[in-house]
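Each in structure tokens, the structures are laid out below.
Two complexes are shown next, each including chain A; its partner changes from chain B in the first to chain C in the second.
After this line comes the complex of A and B, so read on.
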């Protein structure tokens, strides 16, 4: 690696990066927040939620999967990109069943926090109200599929860290959904345990530990006291169980 | 805010909601007195006037779970220059919409006929009762909504910020901490 300082411009400001960093990583390291949902600093980027979309030399791309390249012109906070990001989050809210007031993950939810950050006040589109089952078969874990945003973080964590392959995505397009790797399709028939990494990476309220839901009261949780950008820039990804970032 | 300005005429209603959002409106406490220098109430649970007349602002709590809700909402849209979806249920259907994956006939049968402890039950069919909709809908499924004020309920601070912005002729801007979905 040469000693030469490598930079690209982000909304007109020079951003320094090291070889191998993505645009998103370089931006975060330089103190600029890039909204994202499927990105996690401990995992290879997935590039599916597209909330981190930027324009590189005029072309739209997911900043979590695009390597930073010297001399590139990157746009992040333009009005059209802000609108696009907002629309993507609104799509997620209207495709699933996201009823925050009755969700035990409310206040610790990345989708909610990014919504606040982007100024989302409604789903805007007509909600689909899909019919999705809840799997409560596991003694310690509740699987609430109504809230799944298909980020594949549990899939990645279960396969790469836990080496258990408990979760997978199945189907295409609007029928795509999270499935459990057991013949019965039930979580109880897997070897998932509460210590698994897959238990702690869900950005929404799908994979829930039973009997823990309201240990930290609503109003005192991570995104009640911090913004999504504060958490992302601190290098943390999401809430811990006690609500502290 | 300038007191010389003509008072805004405001109507409010609660459809498939729990009146919690109206309670939160009352939570602006003594600022209600200040608010009344700038607004006057038309149809509202607070005035008991039953039908909405020409208004500057309509504030609608709750989603749409029956035919009467739809009727009242359309009446509000017709008479109000600005219509606000007030609270989580108005914004996305909220708690009542969690019946949306169930068949309405099954719901009624379980509650009124076969449910635990029900004896000699029957499904109410008085013609005065509005018919339930197959699914609960947010307001913007049926009419154009100008502003959304999320929250269950929206906090008194959010409501105050929203109303003072509107009264002052500004586009309401809920900053961080005032947008809440729960």
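After this line comes the complex of A and C, so read on.
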């Protein structure tokens, strides 16, 4: 019967969903925040960051890529899953070079905001301090690879919306890294433009408009006035280029 | 000239006393004293034991990040670095003159910083020495002791600092490490509500500031001879002065005077600082030793900071502070004052001046609305000089065509005073330690002299290149078998 209510339980509460929704989408629609970094409502779920991990009938899975199924028992906010999520975010902080005090995306950074949401007060693990040179070759765009968390949002935006394929990931495991589509490897030799969708989807501070850092005062940045959960639940998706929610 | 107490002739045979760390100053430093069996002093050095290296790791960063990143040098005077960097980068973005609103907002931030830092230094760090005595019980000789014995004075210090911090928060977004100033201007004007909040508090602040000047004057005059002589060594003085010759802590040109008041240079544009100043390094300190080039490395050291500024300028443009300045100058008509303890008096005059300046800025309509940033033809380098609470602060950057910093030179207030502090503590060692068994109280005299300069040691250590290092292989008989030296000049 098509009008039958379909529900699964999320931490013991019934959550209604419609056919085709993932667990994450259904949870957000019902007003329950599921932390995430690589999820973006305008793109197909990707399942790479795993911050949205839940347990479905006792098995861990990324909630952004798992279809909601009637009758399933989903755990989200158990202590072990909260610890797991926090550890994943700490890994991201320690794998890159994230210096929030001097980062121009501070206050507009989804990684930082999700970190606050999850109670991350330190990296905990020994930082790797990778050596990733800044690509400043483009006249209007700075590529700060030290902050990349490999969410592939820019890859998806450039391929699916801009139809340019400027960005891609290369390498495997710990050596995986963001590359640009130019033989020289320089951003200046790609056809990226500041109007591209890929310019506005980065959840951290990798793809930056040059010469605009710190133009938004403290108090007016996205996460000065909203938490990551408020933004996600409002249906918006993290920071915009202007710092507006 | 460089003191004979910088290097002992035969250090191996001497007893070493270390004051480590020097307390009630910002940052970490230590003093070492070498004494013989009769407690005669043979060597005194102020060492800076930490290494920061901002000059190096700012290289390769985008220029707009610099004002926010370099202010992390310090938690006490970050505004000074924030603004000096912004002023340097104003030139890079072609905005040598920023819009009026940006100028007023930055000045309010800066005078808030001067006020809070001077209050912190005098009331929290130095007043215990002056109120209780240099050799008094160390259990009382601190801000908690001041709170117990002189609650009104301590409270005024705390409240003055709070007012200055509020001026910073209103303009920079945070009390410490804000982001208000950007290359070419600022990112916001001051709201009417914030302006009114400061204006309401200002009359009380002006009253407390005047009480502060009276307090330091009374303390000094009550012990005048001892205070005048304590650690006093004559030297040249240097500071920024306004283009009209008046005191201007935010912008102007460089002026230096000889110990007797004769001008050494005047009207030197910030971008030309390198034509007058040079920096020397010594193997035993991470802090450089700047000097006036025309006087040479040994003779060319100088003092910066409040005492230099109030004597270097032709006048102070606000009436209460100018009257207080005239009282100070009347102590030695026609001569320059050099006593380290006079710094406190000059500092409180500047605190009063900062409060008066904040009042003028709050009445300026440009503070609340107008264009925030300017830009023009790009340049590849910029120099920004500001008078930080502790003295002249120089930021110099070169930026490439991709917007990345390729060179950074910071000459920080405390660095200018390096030789002056060393000379002062050597003089105090001669005056008070020589021939006496060192006690905690006597050793505190050394610290009192250092504190007078209000050093910020964390700001001051940015030697470019690798750390200077000497390794010696010594035989049991004391003979040096092998010696390897890596100095700051020869590497990196």
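Everything below uses one rule, namely that the second predicted complex is superposed on the first by the 243 of 245 C-alpha atoms of A that agree within 3 Å, B and C clash if a C-alpha of one lies under 4 Å from a C-alpha of the other, contacts with A are read in each partner's own complex, and residues count from 1 in each chain.
Methods note: contacts are C-beta pairs under 8 Å (C-beta built on N, C-alpha and C of every residue); 3 or more make two chains touch, one makes a residue touch a chain.
Just so it is clear, the structure is predicted and the values come from calculations on it, not from any experiment.
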{"item": "Touching partner for A:218 - first (chain B), second (chain C), both, neither", "value": "both"}
{"item": "Touching partner for A:112 - first (chain B), second (chain C), both, neither", "value": "first"}
{"item": "Partner chain in contact with A:159 - chain B first, chain C second, else both or neither", "value": "neither"}
{"item": "Touched partner set for A:127, first chain B, second chain C, both or neither", "value": "first"}
{"item": "Most chain A residues touched (candidates chain B, chain C)", "value": "B"}
{"item": "Touched partner set for A:136, first chain B, second chain C, both or neither", "value": "second"}
{"item": "Touched partner set for A:102, first chain B, second chain C, both or neither", "value": "both"}
{"item": "Touched partner set for A:210, first chain B, second chain C, both or neither", "value": "second"}
{"item": "Residues of chain A contacting chain B in one complex and chain C in the other", "value": "101-102, 218"}
{"item": "Interface residues, chain C side, partner chain A - complex", "value": "60-62, 64-65, 67-69, 72, 93, 172-174, 177-180, 182, 187-188, 402-404"}
{"item": "Complex contacts: residues of chain A adjacent to chain C", "value": "101-102, 104, 133-134, 136-137, 142, 210-220"}
{"item": "Residue numbers on chain B that touch chain A, as the complex places them", "value": "85, 88, 91-95, 97-98, 100-101, 135, 138, 140-141, 145, 147-150, 152, 174, 176, 179-182"}
{"item": "Contacting residues of chain A [partner chain B, same complex]", "value": "93, 97-103, 106-107, 112, 115-117, 119-124, 126-127, 129-132, 218, 227"}
